[in-house]
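Paired with chain B in one complex and with chain C in the other, chain A is shared by the two complexes that follow.
Now for the complex of A and B:
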């Protein structure tokens, strides 16, 4: 039981190696898409920690994503000489504080009240972003140039698509890996218990309000980092980063991928971004098709793509190995 | 300490419905005290008040001299008080191991930690295993709780209550719904695991009550109509009338 299982780490290392090879194999257009996928994978993973792991339905996740995104744009425009690392830390700090403040205000409400209040909050943030033209650029948005990465002895130019891709892969990839590890830690397991039986937890010495606030703040911070990378990636930030659409996006990714496993939302982000890119090339009505796909998934594959993949794997490889290594969301403590 | 737990004039109304009307009871340390009484007498409500689930409408609960009657359950647990539930209240989708782990790690303060894995802590893991074995669930340790038989779930319910190593334990009808053999086995287990802790137990099965308890209180329509040693209770006329029926 105490031997560290190598499986998940090997899977992660393999995935990293594969993705590190990508710039040598795929076209810049696709590399751009892959960068976007990594960023949205973090956004979706952070959302699933709330929805899948804690059982908290929020319609306000874009406020954290958007706060991260705007922090980068506003920071780079108004603070001269701000470095790449610093601006990401700034976004992290702002998103964390937003998460804490929103959590303190919203978490005393439960269930659908909570969900509706997060929606209202998100709408408020969106309204501010639209109206506060001097800071947020309003409808025009804010354009920025990615600062280079200062490594002390040398500086890595971030104008290069490959360099930014690698930077994203390493930083965001490691954060996603930490999120997976987090699900095994004391706090991560407490989150699962909260979904399972919050009342019993209280009688075992857990302050579930504190528990929920910490988780809410943490997932807000993660979404903020995703938002920061979003602005850095597009070198542009508009109020769409903080819109209800951006909440819907993460909701769709998470549902399509499946809330039941850790990797589900990653898969969801992958499929969503690819579909969105191809569908929007073919037709202007792509949101309609995305909506239809979503309805189909919810009706016929409620466990999402990851569940579907698991079932296919079970059929092909047999039950035992089909229990995917990274999908350990229950009490897999061996 | 003779006034280890003092229940002082506890009242509880639920929007007009007077469920408890002045409960007074003092329990000594290491005492095993049973609460009996007909359905709806208010036994579970009393436990809910002692364990912090409800606040009393009036009165106080002194635990080792401090009034705990308005403290939330998680604080009371840290004071050394734990309870089980009449209706099985476990973590259905978690394994038996993780169910018990939840309390053991809480005791060691490993609740909100972002980096440490409780299942990598040798001391905690050993303690969980010992407790799982003690309640007879070793064979099903890694099964989800939902896969257990009813009797096994009841044993798990008790194990969870014990998992924070409380000094005062409240068991609400631990053997409810068990077969005769399961009950006998469960009582031996409770007798063993309680050791020298203080026990407050609600129980309908008179064999259980008379074999386990040092003292018994009879709750009837929200008040205690008798408290005493098992033989006194057995021969108490009011108790016979109110509860034991044929006697």
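Now for the complex of A and C:
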């Protein structure tokens, strides 16, 4: 194993500091958007652990996101006195179990077959969410109020936008940092190697099926937490949280940002949410433009924005280092 | 008793549509190893083209001929312009490009035709009802089923009785070897892809008057078509026939017998097949 350098931690700390200062500088409308970006960044990072790192193209990531989202809404409505921390843990538990169960059934297949099955499974979850009106609210959705954060000695009111922003920044930010750390662990590295040469990993004595199941469950759990924060942020949850569109969203974010680097999907979430907000002001047809951007990226910039950024950096700095690091970390060229 | 007959016939009509869509999907997958997410959008485009054509000409038979031809061209273009370009990046990118195309086409349809259902009516003999065992039944649904049977028979004849069929079946098994034997396999791929798009478009033309035409129709039937090829087995035409019938009837009787469970029945069948025989009923173990 390589020794972990201090550089990335300094970058992360700098980013945290910058984000922590944001409420003093930007308007509430933009703070709302920034909260959404943080939540979707986690969702996209979890998706990229599957797509970029493990090479698994799933069209069913929304089922974990949606299970997390609905766990929060249903939990807050049906279990009185549930705290903020508990309800997030509940969502985490539900999403983890869903990930484990789905993984056991779906991971027997690979490639296109896996993609198709995940889509069909997601459709099943969506159908249940739509039809089971008593629990999920069907087309009407569920409205909730964010519970306050109980810190033991004091209680932090979550009705305040700033407080919720800071709560999201700290919790989700730390989880994203943990994901980054995960990619550097032996487990995380073995996932990369599995994508490159699974036969060889098997010969080396790794149980690749178990590794893949662990990764799949892990990403499901992460998406569930993102879903939980989504419901808490909007104080509302409907079947759209578990729909194919929610998978499309994360696929677009991840791919546009770039599957080759860890920060690509974070960049993707940032660009996507901002584009979505501004394009939807200009035109009702913004999904069409997002789709066209996506096709353009798949055709001409398969490494996403982070690949572009790397190329620009090379041009400016004149080094080949950026490109080499990108392909080593897993630009999606199989 | 008559109720069961009616629902059985309903099931046959839906099975017919499913077969028209999934047969192209499964052939393309078997041959090119591309899971075409844009396949059902060809079905949707078929329905919308037909709607527009009917508004101007009011001739249903004209759109039965013209719309599939248009989709043949569109299919060929998609294969040539998009799929072939990303082929070098591998299957993941091929899948992503068809997914992106499906997304853009669906949004484009919403833009051009509006995000609401459009109804078509069919006049003449097809709009009538016929008496079957004492029950009046719409001719149109029987027409759909017969179309599917006709197409199925023609496809089987081509695949098993002609030289082209031998090439196609060989390409499903080992396209590289066929290429080495002097067949222009890329051209065969374009042809098959375009033919699949045309079939799907044809299904759309005949489905329009029955199921109404709306922007979500592609996604709705795509999932069912996916289930058909999972249950029937990838690349198997016979599997597509059996699975289409199975799922058509399951959808139909599900609504009659277990209305609350009906949406989940198809997926339960799929899950059962996955657990018992993961390669599908007629699929080969890989």
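Observations, loosely collected:
Just so we're on the same page, the second predicted complex is superposed on the first by the 315 of 334 C-alpha atoms of A that agree within 3 Å, B and C clash if a C-alpha of one lies under 4 Å from a C-alpha of the other, contacts with A are read in each partner's own complex, and residues count from 1 in each chain.
As a working rule, contacts are C-beta pairs under 8 Å (C-beta built on N, C-alpha and C of every residue); 3 or more make two chains touch, one makes a residue touch a chain.
Here the structure is a predicted model, which is why all the values come from computation and not from measurement.
Within the superposed three-chain model, A:201 lies in touch with chain B and out of touch with chain C [touch as defined at top]. Once the two complexes are overlaid on the shared chain, A:133 sits clear of chain B and of chain C alike.
When both complexes are overlaid on chain A, the residue A:182 reaches chain B alone and has no touch with chain C.
When the two structures are aligned on the shared chain, A:190 is found in touch with chain B, with no touch to chain C. In the superposition on chain A, A:311 contacts neither chain B nor chain C. Within the superposed three-chain model, A:211 lies in touch with chain B and out of touch with chain C [touch as defined at top].
In the superposition on chain A, chain A positions 333-334 are in contact with chain B in one complex as well as with chain C in the other. Interface of chain C with chain A (complex): residues 29, 33-35, 82, 85-86, 89-93, 95-97, 99-101, 103-104, 107-108, 111, 219, 223, 226-227, 229-230, 234, 260, 263-264, 267, 270-271, 274-275, 278. Listed in rising order, the residues of chain A touching chain C in the complex are 55, 57, 59, 105, 108-109, 111-113, 115-117, 119-121, 123-124, 127-128, 130-131, 244, 248, 251, 255, 285, 287-288, 291-292, 294-295, 298-299, 302, 332-334. Interface residues of chain A, counted against chain B in their complex, comprise 1-2, 182, 184-187, 189-190, 192-193, 196-197, 199-208, 210-211, 214, 218, 330-331, 333-334.
By the touch criterion stated above, chain B contacts chain A in their complex at residues 51, 53, 72-74, 77-78, 82-83, 85, 89-95, 97-98, 101-103, 105-107, 110-120, 122, 125, 142, 144, 160, 163-164.
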